[in-house]
Amino acid sequence: MPSFTLLAGKEHRGEQMLIRCAVYKGGQKFADIDAGDIHLYVDQPDCFVWVALFEPDAAALDQMRREFNLHPLAIEDARKGLQRAKFEDYGESLFTVAHIIEDVEGELRVGEVDIFAGRNYVLSVRSRSEKGFQEVRTRSEAEPHLLRHGSGYVLYALLDAVVDRYFPILDSLESELEVVEERIFANTSPRANIEALYAIKQKLLTLKHAVAPLLDAMSNLTGTRVPVICVGLQEYFRDISDHLQRLNQMIETARETVSTAISVNLSMITLQESETMKRLAAYAALVAVPTLIAGIYGMNFDDMPELRWKYGYVVTLGFMVVIDAYLFYRFRRTKWL
Amino acid sequence: MPSFTLLAGKEHRGEQMLIRCAVYKGGQKFADIDAGDIHLYVDQPDCFVWVALFEPDAAALDQMRREFNLHPLAIEDARKGLQRAKFEDYGESLFTVAHIIEDVEGELRVGEVDIFAGRNYVLSVRSRSEKGFQEVRTRSEAEPHLLRHGSGYVLYALLDAVVDRYFPILDSLESELEVVEERIFANTSPRANIEALYAIKQKLLTLKHAVAPLLDAMSNLTGTRVPVICVGLQEYFRDISDHLQRLNQMIETARETVSTAISVNLSMITLQESETMKRLAAYAALVAVPTLIAGIYGMNFDDMPELRWKYGYVVTLGFMVVIDAYLFYRFRRTKWL
Amino acid sequence: MPSFTLLAGKEHRGEQMLIRCAVYKGGQKFADIDAGDIHLYVDQPDCFVWVALFEPDAAALDQMRREFNLHPLAIEDARKGLQRAKFEDYGESLFTVAHIIEDVEGELRVGEVDIFAGRNYVLSVRSRSEKGFQEVRTRSEAEPHLLRHGSGYVLYALLDAVVDRYFPILDSLESELEVVEERIFANTSPRANIEALYAIKQKLLTLKHAVAPLLDAMSNLTGTRVPVICVGLQEYFRDISDHLQRLNQMIETARETVSTAISVNLSMITLQESETMKRLAAYAALVAVPTLIAGIYGMNFDDMPELRWKYGYVVTLGFMVVIDAYLFYRFRRTKWL
Amino acid sequence: MPSFTLLAGKEHRGEQMLIRCAVYKGGQKFADIDAGDIHLYVDQPDCFVWVALFEPDAAALDQMRREFNLHPLAIEDARKGLQRAKFEDYGESLFTVAHIIEDVEGELRVGEVDIFAGRNYVLSVRSRSEKGFQEVRTRSEAEPHLLRHGSGYVLYALLDAVVDRYFPILDSLESELEVVEERIFANTSPRANIEALYAIKQKLLTLKHAVAPLLDAMSNLTGTRVPVICVGLQEYFRDISDHLQRLNQMIETARETVSTAISVNLSMITLQESETMKRLAAYAALVAVPTLIAGIYGMNFDDMPELRWKYGYVVTLGFMVVIDAYLFYRFRRTKWL
Amino acid sequence: MPSFTLLAGKEHRGEQMLIRCAVYKGGQKFADIDAGDIHLYVDQPDCFVWVALFEPDAAALDQMRREFNLHPLAIEDARKGLQRAKFEDYGESLFTVAHIIEDVEGELRVGEVDIFAGRNYVLSVRSRSEKGFQEVRTRSEAEPHLLRHGSGYVLYALLDAVVDRYFPILDSLESELEVVEERIFANTSPRANIEALYAIKQKLLTLKHAVAPLLDAMSNLTGTRVPVICVGLQEYFRDISDHLQRLNQMIETARETVSTAISVNLSMITLQESETMKRLAAYAALVAVPTLIAGIYGMNFDDMPELRWKYGYVVTLGFMVVIDAYLFYRFRRTKWL
């Protein structure tokens, strides 16, 4: 890999802002080039430059702006980050923002890839994400008949990779949801269930906000009037759009399921409270009735024949046991105990 | 039935990937042919080939791709399965995905049929579904005046069969729902009701995701600018669209009913809790009041005339019974007992 | 009324499939004709045939199909019944399905009228409904200046009658709802209220599914490009559309009211539970405190001066009464009792 | 004011059907005329007639129909009343229905004004409303430069007055809502709060059904293709539309607030129930523990040294007090009391 | 700064209605001018006037109306204030209303800025807001290459500043929400949580009503047919639109989160009630069982051997302790205590 004077700042700090910068001709890699030499290639008619940056600083972005003649507002967005997923057509260049969602120890981390695509260049700027897109480059280089489509195909390949990474995230959310469902109906850990449902709902919103705006954006790339660099690739972008629609539908289903689960969980808690109350009442009866009997024979009337009877005490105790046994049997039968 | 060298793999394992492959001319079956001979017929102007596959492997799909010159992205979808129901126009061929929903021991299993239709061929690929579409072929062959419309009519007949199978599924869900409704108002098995409502809601979502995207897709086949192979069949596809709209409406009604039932069920549980509490309180009163009386006559004052009275004990017991009888009567009248 | 050989089957069973079959010329009745003679009139330029059937069998419908040259798919729909309300344009004929809703002992019964309308004929097929449309015919015959518009006007008159019958149904639902509202706030019969709200919601859904699709259908008859037989009648169909929109709005209001009422009812139940709990607790206190006092004087200490006091017992009883009176006063003041 | 033979019926009953009937020329009042003379002015090119009726009978409406040549369906709507707010273009005349909402002792009464507007006339028919639109006429007559726009301007002025009257109604609903909010969080009168929220919701629905359809209707008067009598006044009608949108937004906000308030109120009730339960339990403990102690010293064992002790009784009483004081302190600290 | 005779009224009261009035030429400030001299510059082709007012009185607005020839309806809106955020095209002038939202001691205060923009002037009228837009002027003057775009750019810069100020407001709401979330799951201060959630919901509605109509308005400034003064600035207005969409999405997410939090909070309250009930029941059992035992040995049977036994009392007390210890252990194990 060549050296990059201008982009070297971060590299010195042990990080790397410039991931790769290469020129492609006729679907095949022509050369790795220096970031400072981009302008030498970007105007050649039969090739395109593919640059990948990772969390570049303002200087690096500014260099890119000059090399590729990018629009200041788009560069500003890329510099600030935390953009909404979107697609913007600046006439000669397209600017696409997509969210990268990664599961970091149970939390969803939202990163971002900003893609600038022009007639003969693609610049991808990745932020707050661990996994890069090197495998997209590798796979693309292995399919020259597709890479021959130029920068539009690279745009497709990058977006396709971003979207494909949403599926395992959503799958794991659906698995979490199934676990909670089972626990709800098994009546275990209601507190944890509520927290889990709340967390899943939040994560689904995160995914939703990655998927929905991108789906809107795709409509610009699949119709009959698409930007010139995407012409002939509509079926590929429609494929991404189809994946996004599937994701969207799965997210909607999961959200509705979570909502239902929350209200069902409340029903279960209320129901269990009701059942607990009955159980408590039954036990209370088992104590209160003998207490009443004991109270009666604790009265101090002079003339209480039972008190004088030799077996009075034993029979009374027995009566207490019998009446409790009967009550117990009755409560069992009505499922209160 | 002829032999199929290329598709024979699965057959050897006791399964059959190729269900049927036949050529039709002027609305009538011309011949069963070998899958390898498709290219001999597919370019003849006055006939069409109708192939039905069941869970084909990658090799079989690849053979089909070559025989019919299908788009790689569509074949990729058919190979992977688990697609969203959809309709895609690839210019000279149409690619339709529809969900097959089967009730397997109370669970809904979602299968899939992928239909490739071109000017003179139809290829259906069925997966994860038990019941095939042989009866569609039989019925179509019995109506040559309709089958004369060609591959468009076969596409219609297959989709019509898929959609017709949704109705009994939905009917049985509606019956389940009615059973639960009755139990809710009869106040029996609240726990089972909650689980059942949750399950019905999930199944409705499954059906919804089969019906709704297909309904969207149909709009491409019923307007004034329809793909060439469907021209003249708009009224038939509109009929499918109409069925789907009816299903959609029934599903929406059922979903809203389930939501209402869940909240009504919560009301009933809360109400019953409230009623139980009253009943408990009434019984508690029946015990507590005599206990108080017994307590009073258990006091040790020197000067308590009642204690010295000969009938004190009996009268006190009688008073307890009378007061409880009165309380019981009052509680009955206010419906607490 | 003439005899009808072909349609006679049902008549023999004591029912009547053919209600009426007449020819109209220049806005006035020309003649009642035999169903088998329809083809003699249907091609005459200056008149139209108006046929009304009630639950015809397949043979009768097939005869109609031949007489009027109707589309098999539309006839199929009429034969099967249970269609979604809809409007279908078959080029030279219009096919309209509308739901007839009748209140049969508190339950809503959904019947159906299927109307085929061509340049010079109208065929109405009514099913599962008690009340016919004879009064529409009578009224139309009394207004020749309107009937002169031809089959389009008859279509209008029939639909107008169907839609007008929705209003009393909805009115009675609104009255039911008001009764329930009052009971909710009067805190009476919560269980019956829940059931009633659920039932009203279901009935509203039934009405909704009669009204909403018909409203959609009307948009085909009120724009600038309407079917030829409806030209010049747009203002009349707009009037139906307006009624449907009013119904739709009333239904939406009622549905939202029911939803609010369900949640308000739950609040009332919970609130009443809470109030009952307080009342119970107050009564419990009225019993528990004297019980404690009695318990204290039931202790067996040798040295309890009160026990020896002559008025100890009476004073203690008095104290119990006083303390309970005080508690009662306090509870009253805080509205617990 | 001239006399009106034909419209005199109601006047005799002490009411007045004809409020005013005047001719305007060049933005200024030309003359008050007799209702029977309308046809003399309505065809003059440079003036317009402005008639205001209040709950006219069928005869009066029929007279108007003939004088202005109005469409029978529109007259029918005006006669029946209880229409949905709407706007209908009958080619040469416009028919507008708007709801008049008046607060009559805390209840919202829905009246109606039906406005027929043609090239040179405006007819307003007001029903079920106390306050008329005389002040609109007065204000309009004071601004001849605006009134010169003709009947379109009168239509604007009337609708503007109707819409302006919605604001104080909505403001008072918002005030009611704020009062309820405060009471909810102050935890007072939960029952009254529920009733109030329910009533506010119903009133908001009433307002909604006045505002929303009128807002839809306005879109016909603000675009580029507006009815000829409204040409040049689009900015005025846009102003009404803007007010309606503001009302609509305020209503939506209020409805959402009511919904939230209902669920928040339920939470508060449940929470208070929970807190009450704790308080009750605390008091129960304060009684139950001394009762247990008293019970223990009420046992009849021969050998209970405390009973023989001189200070046994006093110390026991003291112990009861101490233990209750301790419990009281603990309950206070955990906020149960 | 020059003096302003006509606008001087408020200045005398210690306030300042005219913040600034300056002429710009070729992107640079040409001169501060007197408000009365505006008409001298506003017709010069190569410059534009930028006026900023703060809560002007009717006279000042009227002066402006004359200087700039503004539409009376727009001026009327500016005078009344409390408008919906909106954008109105009056042909030669644009009228934009945007809400300014400021956090004043925890309450959101809704101010307003009304911007009139014509070919060569911009007039901003700010009300009920503390912070002005001086820094927008300063920044704009520092970027002459942008200010050269004229009044359209000033409109952009003002709106951009308004919208940017929404972000910190929303951020602080999101922080509040996170605090509440934590407290909900930590089960602390449920009452405060409910109040906080309600307050956040209300504030979100306030923000929503600032953002949503402005977002609608922006669509008029970003398409292909934009007002002439905004031509060439579409990308800038699209940037605002993009920010508004992001805000809108964040608000929707927050609103949904609040709704979920309210229902989750109710679940937690109910759950805690249920847990409290169990704890109470457990403690009740610890008192009730010994009370029963004491009651039994308080009975007055002649023949109760235990009573005569020397260690009867101590053993009984011991038994009470043992049985309570056992119960305590059991309740602990089932997590009731």
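The letters A, B, C, D and E name the chains in turn, as written, and every chain counts its residues from 1.
Heads up, the rule we're going with is that a contact is a pair of C-beta atoms (placed from the backbone, for glycine too) under 8 Å apart; a residue touches a chain by one contact, two chains touch by 3 or more.
Everything numeric in this text was worked out from a predicted model, so none of it was measured.
With contact taken as defined at the outset, chain A and chain D are each touched by E. Steps from chain A to chain E, minimised over paths through touching chains, total 1.
Copies chain B and chain C of the same sequence differ in orientation by 70 degrees, per CA superposition (steps of 5).
Remark: chain B and chain D have CA centroids separated by 43 Å (rounded to whole angstrom).
Centre-to-centre separation between chain A and chain B, using Cα means, comes to 27 Å.
Among all residues of chain C, those that touch two or more other chains are 263, 266, 270, 273, 277, 284, 288, 291, 295, 298-300, 304. For chain D in complex with chain C, the touching residues are 71, 73, 83-84, 86, 88, 90, 190-191, 194-195, 197-198, 201-202, 205, 209, 213, 259, 262-263, 265-266, 269-270, 272-273, 276-277, 280, 283-284, 287-288, 290-291, 294-295, 297-300, 304, 306-313, 316-317, 320. Every residue of chain E that touches chain A in the complex is listed here, in rising order: 181, 185, 235-236, 238-239, 242, 245-246, 249, 253, 256-257, 260-261, 263-264, 266-268, 270-271, 273-274, 277-278, 281, 284-285, 288-289, 291-292, 295-296, 298-304.
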